[in-house]
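Take a look at this one; I'll ask things after.
Each chain gets a letter, A, B, C, D, E and F, in the order it is written, and its residues are counted from 1.
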């Protein structure tokens, strides 16, 4: 299967997947707040948001699992992931006033 | 069809597609406000904006549908999508004062 | 023609194209203001700016038209375009105080 | 092993790896604060965060080591890494009030 | 010549090119100010900065010229350039208070 | 040597290279301050930081030198470098209050 077709899936999933209904106040939210006690917790939240955004596009966990080889990795993807986490962390850090206190 | 030609479509669509007329105040807007009640709703809005931007460039829904394979995905695209959502979320979060209250 | 050569054109165009003379106050500007009445209009302005930046580099509209295939698209490019629009929208949104009022 | 499969690992690792439990206040944190005494220390912290984000996705240090050739490098990756460090540094710099005093 | 080697040049040029001596106050500067009268002029300044950054890395104008084919372009590069201009424009716009007055 | 292996080096170098000890107050720092007198000097500082980040990952100057062909360049890399410089410049410009005075 060509890369183009594979990528198409991601775009289509992005476009067509139903946006989840607004979180009901009375059920638990995966993102109740951007506030954390420490910078490290804020970093973990950024990682969580980066993951959640991936799941929003590809909701089939089995598909993701099948693609997981045990002993491999792509360095470029690792760098890219680090950059995406940086973007979420910037927002979380500003929300928390950079934990200056 | 080569990747170059395919990409060309996206650029041309970006350049030539008519910018929609300004939203009339008396019709419903897909983006009436950046304000949301919760961070999770803000995240959903960011996903919506990322999708809308894709549709702005490629308006032919049938074309997008034909490209959708059921059991595939491109991990690089998923990471990229996560980064784009992060960019929209940063704006939505700032608009909402990071839901600090 | 190789991708490298094609890309070279974009860089050269970026470097050598004459920067337009400063907009005369007495002629109409394509960007008279960053202020818009609504978020949706701000989004449309972001799309316009993304397009304008493309035209700044490749000013030959015929060249762009020849590259346009009717029924194709490159998903990766669509994601990339969405990210570029996000960057312009961030600036427009901040200019407008996020349309909070 | 194809690039697609390799990249898939990174995405899966991003999605499935357990987010570490919240840092206990009574154990040492790798990120106790975003504040540093000097801009150079802030730059080093940005490098540390970029590395940590990579390790969050690929936790197997042996795998990373095996991929290390002694006399090679990929210029594109080096540029990409520089951009990721820039993103973390922007956050660290703002946290420190740009070390203006 | 492979892409890797070509890219290597850009990195090496980035690393080894001598940073120009600090602009003397008594000679003209290519960037005397970030302030412009209008948003359109700010956009033009962003384009100028994007070009200047390219020239900083590849200072040989002849090399750039030889790479310029007259009737080609790479859509992906055009999108990328638009994103880079967006980044410079964000800074210029903030410097100018978004030309709100 | 494949691109994947080459890229792996950059990631490994990012992860494993020892973070330099905190700059001693009594020795000279390569980044003593983000403040500059003029926008042009701020731009030069941004270029310096982009280079420094590259050197942080690939510390072997000889390796970098061997990769330098005299008459070549990769346009995509040049655009990418311009974007990375834009990111550092955004931080430097904000640190300097955009040199508004």
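Observations
FYI, a contact is a pair of C-beta atoms (placed from the backbone, for glycine too) under 8 Å apart; a residue touches a chain by one contact, two chains touch by 3 or more.
Here the structure is a predicted model, which is why all the values come from computation and not from measurement.
The copies chain D and chain E differ by a rotation of 120 degrees on their C-alpha atoms, rounded to the nearest 5. Counting the residue numbers used at the interface between chain E and chain F, under half appear in both copies, so the two copies meet with largely different residues.
Averaged C-alpha coordinates put the centre of chain A at 27 Å from the centre of chain F. Put simply, the C-alpha centre of chain B and that of chain F have 32 angstrom between them. Per-chain CA centroids place chain A at a distance of 16 Å from chain B. Chain E has residues 3-4, 6-12, 14, 50, 54, 64, 67, 74-81, 83, 87, 90, 94 in contact with two or more other chains.
Put simply, chain D touches chain A in their complex at residues 1, 3-16, 19-20, 22-23, 25, 29-35, 49-50, 52-54, 56-58, 60, 63-64, 67, 74, 77, 80-81, 83-84, 87-88, 90-91, 94-95. Across the interface of their complex, chain D is touched by residues 3, 6, 37-41, 43-44, 47-48, 50-51, 54-55, 64-65, 67-69, 71-83, 85-87, 89-90, 93-94, 98-100 of chain A.
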